[in-house]
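Here come two complexes built around chain A, the first alongside chain B, the second alongside chain C.
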Partner chain A sequence: MNSMLERLSREFRVTDIIERNARLTTFTVDRDVAETLIRELRDREGYTHLNFMTAIDYIERGVFTLVYMLHNYATKSTLGVHVNIDRDNAEMTSIHTLWAQAWTYQRELRELWGINFPGSPRIEEDFCLEGWEEIPPMRREFDTVEYCERTFVSRDGRETTDPREHMHEVIFPERGGDN
Partner chain B sequence: MPQPPTHSSSLDMSQPEPVDLSSGKYVKLWQGPQHPGITGNMSLELTLCGDEIVECKTHVGYLHRGFEKFMERRTYIQNFTVVCRIAVPEPTFNEYLYSAAIEELAGIEIPERASWLRALNLEMMRLASFLMWTGGMSGAFGLYTVPNWTLTYRDYLLDLFEELTGARIYHMYIVPGGVRNVLPDGWKERTLEILKGTEKLLREVERVMMNNAVFKKRAKGLGIITPDMIDPYGIVGPNARACGVERDLRKDEPYLVYDQLDFEVITGSASDAYERAWVRQQEMYQCIDLIRQMLARCPESGPFQAEMPNVLHWKIPPGETYHKAECTRGEYGYYVVTDGSEYIRRVHVRGPSYTHGIAVMEKLAVGTNIADIAGLMVSLHTYPPEIER
Partner chain C sequence: MIKSLSTETTLENAGLSAEEQDLFSNARPQAYEPYPIKAVEDFANWCRANSLWLLAFGTGCGAIELRPLMTARFDANRIGVAGRPTPRQSSVFIIGGYSSVKTLKRIVRSYEQMQGPKFVISLGICPINGGMYWDSYNTIKRLDQYIPVDLYITGCMPRPEVLVGGLLELKKMIKEGRCDGANRYVENFDWYKANQKKVIKNWNMPDYNW
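This part shows the complex of A and B:
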C-alpha cells in the first residue's frame, strides 16, 4: 500500500494522504488527472470494485469534493479518491466506461448537486426528481424548510415542535440543556 | 478463493442504441410503479417487439424522501431514529452501520455483549428479509401458496423483534454506544422454537417452489449473470455468489462477532434466477444456524452500552469513514463525514440495489419475455428505497 501511494504521489501529484482506519485510506488528486489515476487503480492495482461515487458540498471553500470509493478484494483495502472541483464550474470527466453503474451515480450527481459529466449516458434525464426547477437540492444553500413552507400548506390543527427544543424542555428538563 | 475475471475490454458496457418506435414494430409498456411483482415502488419503461423486451429503462424517485439531506440538519442522536427508515425490509443494517461509523469517528468502543446482540439482530433481520423475498419470488412465478407461508413466519420473527425492541419494523434497537436492552426472559427459548418451525417451512418451500417443474422451467436460464459482469457492474451478495464468486463480507472482512462463528460462504455455479433463489434458500438455513450459534454463545451478563457523552451536545471530531456489512442483497454501506460540529457533514448510503436495480436490470431485461420481467426483477432482490434514499 505504502509503495503504491508513494508512486501515485510522484506520478499523479496525490496529496492529503490519510489513513482513516486499517482498511480505508483517502487522498486528494487534481481533477485533470483523476480519471487516469482511477483507471490505473482499477487496471494495475486491483481496485476493481467501485463501492460508490458521491459528492460533499464545501460551500465555505467554494468546492465540491467528489468521492470515488474503490475496493481491492484481494488486499481487502479501500481507497477514497477525493477530487475537488469548482462549485461555479461543476464539471468532471465521466468514468462510465470504467464501471457500468457509474453513469447512474453521475446522473444522480447532476440532478442533486448540479455537477455535469459531459458524455455520460442519459445524463440529461431525470433521476429521482421530476420537473425540478429549483437549485439542486443537495447543495448546502438549498433550504428544505423554506422550500416546504413555500410549496406545501400545513394542515390546520397540526402543531410541530422542534425536536431539539422538545428534548431540552420536555424530555430532559432536569439537564436544562447543559452538559 | 474463486474470484471473477478482472475487467475485460470485451465486455460491452455501452448503452443500447434507441429503437425506432415509428417503425410500428415496437410497443412501449410501463410496468409499475405499483406492480405487485416488484419489491417496492419503481417502474420499468419497457419497449417490446412481440412479447420480447428489446429495451428497458428504470425509473426511480417514487420513494425519494431526501434522507441524506435531512440528516445533515439533525443531530447525531436524532439521526438514529431516521436511518432505519431507509430500507424497510432490513432497517437493522442501517442502524448498525450508522452507529458503527459514528462510534469509530467518536472513538467509542462498544462492549462485547453489545457486539453479540447486534450480530444476532442482524442475522435475524437477514432471515426475515429472505423469507419476505421468497414470498415475492414465488408470487412472481404464480406460486401463491408460498408467500402465505413465508410471510407468516416472517411475522413470527417480527413478533420476536417486537418483544425485544418494542417495534416490528423500525426497531431502533442498535444505538450509538451499543444496544437498547438485553434479551427478555424466555425470549431465547421462543426464538429457538420459531427457528425449528422455520427450518421445517424451508424444507416445504424447497419441495413446493425449488422442485416445482413450472418454477424450474421459467427460472432456469432467466437473467444470467456471468462472472465477467461482477466487477464491471459492481454486483455483490447472493447475485454474485450464485455464479461461483466466493465473496461475503461476514467472512472476508468480519465485523462484530462473525469471526467467532462457524460458517462457509455459499456459492452456486451459474447465476440465473433459479440459482440465485437456491443460494438464498441455503443462506436461510445458514441464518438459522448462525442465530443458534449466537444464542448459545451470547454473554448473559455484562454491560451492553458504552459510556456515552451528553448526546444533546454531541460534537464529533472531523473525520470520515466507510462501514459496510453483508445484508441479504450484498454490500450495504454507510459513508460518513464529520466536521467537528453537532451535525453530520455528509452521509451517503450505499445500497446494493443501486447497481442491481438499474444497470444490471437494464442489461438483463433485454431479450427477456414480458411474462418473466417481474420474476427477473425479484430475482435480483432490489429495494428501490435504498436507491433513492
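This part shows the complex of A and C:
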C-alpha cells in the first residue's frame, strides 16, 4: 500500500494523502492526469471495482471535488481519488471507458451539479429532473426552500415546535428552567 | 348537473408534435351522471364498492405496504380487492407516499388512463403536506393540487392494517355515493391541468385522452 502510494506520488504528483482508517485512504490528484491514474489503479494495482463517484461543492474555494471511490477485492482496501475541478468551467474526462456503469453517475453529476463529461453516453439526456430550467439543484448557490415555495403549494396549518420549548411551556410548565 | 368551467369544447394538446396530433383525441373529459333512479344508482355503487381493482403502481416508499396487503397475512382479497397490472382495468389508485415531479407525470398519465369509476387513496403524510420532503426541489407537497384525492391515510409509514381500514372506509364512501373525485377532476379540469403544467415542465403528452 505504502510503496504503491509512494510510487504514485512520484509519478502523478499525488498530494494530501490521508489514511482515514485501516481500509480507506484518500488522496488528491491533478485533473489532467486523473484518468490515467485511475486506469493504472484498475489495471495494475487491482482496484477493479468502482464503488461510486460523486462531487462535493466547495463554493468557498470555487472548486468541485470529484470523488472516485475504488475498491480492491484482494486486499479489501478502498481508495478515494479526489480531483479538484474549476467550478465555473466544470468539465472532466469521462471514465465510462473504464467502467461502463460510470456513465450513469456522470449523467447524474451533470444534472445535479452541472459537471460536463464530454463523450459520455447519453450525457445530454434528462435523468431524474425532466425539463429542469433552473441552475443545477445540488449547487450550493441554489436556494432550495425559495424554489420550493415558488413552485409547490403548501398546505396551511403546518407548524413545527421546538421540542425543548414545548416541554417547558406545555408539558412541564410547573418545572421551569433547565431541569 | 355538472358542467365544465371552460367554454372551450376541445383540448389544445399543445404538447404533441404535429404528426402526433392526429393520433390522439382532443375531446374534453365527460362527467359521470348518476342513474336517475336512486335505487339503481345505489345498487351500482354497491357493486362498485365490492369489486375494487387496485392499480399495481408503486409510486413511493408506501408501495412496499401493498405487498403484505395482498399476501396471506392481511389478504385484501377477502374484502374484494385485487390487483390489476394496467390502469385501464383498475379502479383504485393508491399513491404510495412521496411523489417526485417525474413520478407525478406518470401518476397523471395513469390516472387519466383509468376508466371510471375511479378512486384515489393517498397513503402517508407526504402527499398531504410534503412530510419530510417539505423543502425538496423535486417532490410535490400536495397531491390534491394535481389529481383529486378521495381518501387520505396519514402516517409515516401507515401499516397494512390501516390500509385495510382505509379500503373499508372507501367502500363505505362509495356505497354512500360520496366518492366524486373523478367528477371533481372533470369540473375543475382546467385548474388541475394548469397546476400540472406548472410543475411538469416538459409536457410532451396529450392533455387528457390516451
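The rule is simple: the second predicted complex is superposed on the first by the 155 of 179 C-alpha atoms of A that agree within 3 Å, B and C clash if a C-alpha of one lies under 4 Å from a C-alpha of the other, contacts with A are read in each partner's own complex, and residues count from 1 in each chain.
We take it that a contact is a pair of C-beta atoms (placed from the backbone, for glycine too) under 8 Å apart; a residue touches a chain by one contact, two chains touch by 3 or more.
For clarity, every value in this text was computed on a predicted model and none was experimentally measured.
S.K.: Touch test for A:130: chain B only (first), chain C only (second), both, or neither?
M.R.: After superposition on chain A, A:130 lies in contact with both partners, chain B and chain C.
S.K.: See if chain A has more residues touched by chain B or by chain C, and give me that chain.
M.R.: B
S.K.: For A:104, select first, second, both or neither according to whether it touches chain B, chain C, the two together, or no partner.
M.R.: Touch status of A:104: first partner only.
S.K.: Looking at the overlay, what does A:93 touch: chain B (first), chain C (second), both, or neither?
M.R.: Neither chain B nor chain C is touched by A:93.
S.K.: Which partner does A:153 reach: the first (chain B), the second (chain C), both, or neither?
M.R.: In the superposition, A:153 touches chain C alone.
S.K.: Look at A:9 in the shared chain and tell me whether it touches chain B only, chain C only, both, or neither; answer first, second, both or neither.
M.R.: The answer is neither, since A:9 touches no partner chain.
S.K.: What is the contact status of A:28 with respect to chain B (first) and chain C (second): first, second, both, or neither?
M.R.: neither
S.K.: Just checking: does A:144 make contact with chain B only, chain C only, both, or neither of them? Give me first, second, both or neither.
M.R.: Both partners, chain B and chain C.
S.K.: So in the superposed three-chain picture, is A:76 touching just chain B, just chain C, both, or none of them (first/second/both/neither)?
M.R.: It touches chain B, and chain C stays clear.
S.K.: So which positions on chain A get touched by both chain B and chain C?
M.R.: 126, 128-130, 137, 142, 144
S.K.: Along chain A, where are the residues that touch chain C in the complex?
M.R.: Against chain C, chain A makes touches at 126, 128-133, 137, 142, 144-145, 147-148, 151-155, 158.
S.K.: So in the complex, which bits of chain C are touching chain A?
M.R.: The contact residues of chain C facing chain A are 100-102, 105, 128-130, 134-138, 140-142, 145, 195, 198-202.
S.K.: What residues on chain A touch chain B, complex-wise?
M.R.: Residues in contact with chain B: 20-21, 23-24, 26, 42-43, 46, 48-52, 54, 56-57, 67, 69, 73-74, 76, 78, 80, 96-101, 103-105, 121-122, 126-130, 137-138, 142, 144, 163-164, 167-168, 172, 175, 177, 179.
S.K.: Hey, which residues of chain B end up touching chain A in the complex?
M.R.: Going through chain B, the ones touching chain A are 3, 6-7, 13, 15, 60-61, 64, 66, 68-70, 73-75, 78, 104, 231-234, 247, 252-253, 310, 312-313, 319-322, 324, 331, 333, 335, 337, 345-346, 348, 350, 354-355, 358-360, 363, 388.
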